[in-house]
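Shared between the two complexes below is chain A, which pairs with chain B and chain C, respectively.
Let's look at the complex of A and B:
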């Protein structure tokens, strides 16, 4: 499923004195198969953007397609102005506004099983009596007709996929687990419906370096095996440089740039203008460039180090 | 979705009423409520309404925000009015008639006294709400709790820990925005997992709230623990020997307000004496 947004705009508290534009004219495409990064400060609109992706915020201005699904939601007046042909969910004849709203809602619910969203600190959303119950919540909501065996199969698979021991944790209370384990359970609760797109808001916030590394590795494994597209929201440039295939930069509700990290971090000026930093590798590279050593890297630590070593070896040979 | 609940929320600006001492304001509101219940006729209400109008004008709060506060209790107002219209049961009840048809059906009847009473109740409730809203619109929650602590100070003598009550109140008020934010986030997360809070019968709707309330409760406890630790680490030890950062001070405004209130009281009493009938 591709994500295509065109001129997406969102205003909080529209037509009140507290009106504020959270998104301004966002035109952005996320191709299937990408490990996409969204970076920006708090208040840059990145959270608002991801809430659009599974219909938590209905699209009011501009357009957004997630796969085949048109996320546009028509207000009462707008809907009344539509012709029978253009109205969504209509087969020849336009639905009443109430029925349209219901159909839209049902459509969004269906979509949510295919676009999983993991919010910040997802471990605070656990509520189940056991890990099993909690992970099964999504399955029971989205596929109410599935048999207990099917539910168990899905839950088991999800729990194993996030790297937990199913037999050990399934009957435990999620509140008895460690912080890192809780987060994994929360993640399992989202991927249990086997979404094609997984969106994660600051997935590694508050984890220790080891936990962070493990979780990112886990996301890569999921990306390789089950989930086609992963989108992570982050403010840590190193995480983004290290993991993403493409990065979008948000600032004050606007989309500043979309590029693979290799291009984006080459010229750090644009990022500095909006008050964002570049990854450590990019800082080192530009410091080296000032001394006359240009390093062509994709800004992952591993690549950067090997290129520097290469350069250094050549130098030694030359002198 | 939760942002609509906050009617009567503090409206920041600099005005005569804003700058009054919160203690005076609380006492005035208590007096105001007493006046409303003393009033026996509409003339008295006119006097009280005049007082309210003066307060609104000197508070610089837009009239729209003040009126909006009635919305929250509209249901109660309408219910009280309807009950009065249909169920007046006094001995002097005279059932009204339109074109010779008596307005009476089964246990319902529309009487002249019922209509008057309904109007009287409506005005009374609306005035009550508007008056108390002026207090919350012009006083920050912190000032309010501070004033309550000061006003209840005498209770300390009979060993009631007033300071702790005030502290509990201010902490509760302080965390309302956080809890709302948290609720929004949890609602979004559970919706993303297919939760549906709007369909099904009452029982299943209540049941669907568990995935929201439980995490909310857990996080409230977590916050409480963290706050407790933070207070401990700054050596908080209750009211004893505690000084205030912001001291409440009476100013020239407060006696002026008191005089106006006394004038209103006199007006209400005179109205009651000279106009013994409700209309």
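Let's look at the complex of A and C:
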């Protein structure tokens, strides 16, 4: 499933004195298979953007396709102006507005089982009496026709996939687990529907260094084995440089750059202009470039280190 | 007198789970100490015991010589050791910034006239003078945490305890808060910063590493970060610059051993390639 947005615009509190544009004309494609990063300051529009991806905020201006699903939602007046041919879900004849709304809602529900969103600090949203109940909620909600055996199978698989011991945790209260484990339970609750796209808002915020390393490794494993596209929102440029295949930069509601880390961090000026940092490797590389040493790197720590060592050895050989 | 002294401090829950195991630490007045440890290492429990929010199972905690196990001392201890927590949204009690800051001093019976002065001073210390009449909910995370710190400062504490106070902030907000904390420390307030951001520990006076409720390492940041294998064993990591410096050194580059910050590494690398 690709994500294609064109001219996506969103205004909070439209037609009120508090009107503010949270997204301005976002045209962006996320290909299937990416480990995509979204960066930007608090208030840059990145959270508003990801809330569009599973229909939590209906598309009002511009267009957004997630796979085959058209995320556009027509207001009553807008819908009335559509012709029979252009109206969604119409087979020759336009549906009544009430029926259209119902069809759109059903479409969104179907989509949400395929596009999972994990919000910031998802462990605050756990609610089940047991880990099993919590994780099973998604299955029961999205696939109500599942038999208890099917539910159990899916829950077990999801819990194992997030690296927890199923037999050990399934009957425990999620609130008795450690912070890192709780976050994994929350993640299991989302991947239990086997989404093709997983969106995570600041997935490692608040974790200790080891917890962070483990969770990122887990996301890569999921990406390799079960989830086609992963999108992470992050403040941490080092995390983005280490993990993402492509990065979108948001600032004040606008999309100001989309590029792989290798290109994006080569010229840090654009990021600095909007008050964002560059990863440490990029900072070191640009300082070295000023002394006349160009390091051609993808800005992951390992790549940077080996290229600097290589450069140094060549120098020593020459002199 | 020490600002803080614990002796053979133990804490366990009723189900027998041990959280703190014979912790002996002391903090000098005016010192800036970072308490590092992975999730579940016992660091937040320790903070809550210092402040009298939890009572130790055995052992003692003395804040400026006052024993926290004596309930009569708690009022005084909480006045002198102020605490700022992790979630900025959970620490606001009023709908206007100045009322929020006044809450503490009002509670301890500071005369109204003096409260006004304290609010001014506290807001100036965290550089939020312009927000006196603002609504806390409309502030950024970094600004909210600075207001939370101001609320503590209005009680004129001698120790400031930060319990992962920057964990939920973006890099910019973290910087704002850390620079305010550094200035407060320079003005004489003892600071105990509980964190798992290694970078924050780079310019403190002393680092204490907790693991499984025990003090495992103690020393200057330079001493502690030099022992990278141990840090990893305790679920922590070196600052990224230190990691890169170490790998480059292993690869044959003559990089000094005590490089922990990005600035220092940048300087050394540039000199190295410039010379050659």
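One rule holds for everything that comes next: the second predicted complex is superposed on the first by the 319 of 319 C-alpha atoms of A that agree within 3 Å, B and C clash if a C-alpha of one lies under 4 Å from a C-alpha of the other, contacts with A are read in each partner's own complex, and residues count from 1 in each chain.
We adopt the following convention: contacts are C-beta pairs under 8 Å (C-beta built on N, C-alpha and C of every residue); 3 or more make two chains touch, one makes a residue touch a chain.
Given the structure is predicted, the values throughout are model-derived calculations rather than measurements.
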Inset, instruction - Identify whether chain B and chain C fit side by side or clash on chain A in the overlaid structures. - result: clash
Inset, instruction - Using the touch definition from the top, say if A:175 reaches chain B (first), chain C (second), both or neither. - result: first
Inset, instruction - Tell me which partner A:137 touches in the superposition: chain B (first), chain C (second), both or neither. - result: first
Legend entry - Contact breadth on chain A, by residue count: chain C or chain B: C
Inset, instruction - For A:190, decide between first (touching chain B), second (touching chain C), both and neither. - result: first
Inset, instruction - Considering only touches as defined above, state whether A:56 meets chain B (first), chain C (second), both or neither. - result: first
Legend entry - Contacts of A:125 with chain B and chain C, given as first, second, both or neither: first
Inset, instruction - Examine A:112 and indicate which partner it touches, taking first as chain B and second as chain C; both and neither are also allowed. - result: first
Inset, instruction - Once the structures are superposed on A, label A:89 by its partner contacts, choosing first (chain B), second (chain C), both or neither. - result: neither
Legend entry - Candidates 99-107, 117-125, 243-251 or 261-269 of chain B: the single one with C-alpha clashes against chain C: 243-251
Inset, instruction - Over in the complex, which chain A residues touch chain C? Could you list them? - result: 41-43, 121, 178-180, 205-211, 213, 235-236, 238, 275, 277, 280-281, 283-284, 287-288, 290-293, 301, 304-306, 308-309, 311-313, 315-316, 319
Inset, instruction - Name, in rising order, each residue of chain C that touches chain A in their complex. - result: 37-40, 86, 140-141, 164, 167-168, 170-173, 196, 198, 235-237, 240-241, 243-244, 247-248, 251-253, 262, 265-266, 269-270, 272-274, 276
Inset, instruction - Can you check the complex and tell me which residues of chain A touch chain B? - result: 51, 54, 56, 109, 112-113, 116-117, 119-120, 122, 124-127, 137-138, 141-142, 175, 189-190, 193
Legend entry - In the complex, chain B residues that touch chain A: 182, 185-186, 188-196, 210-211, 214-215, 218-219
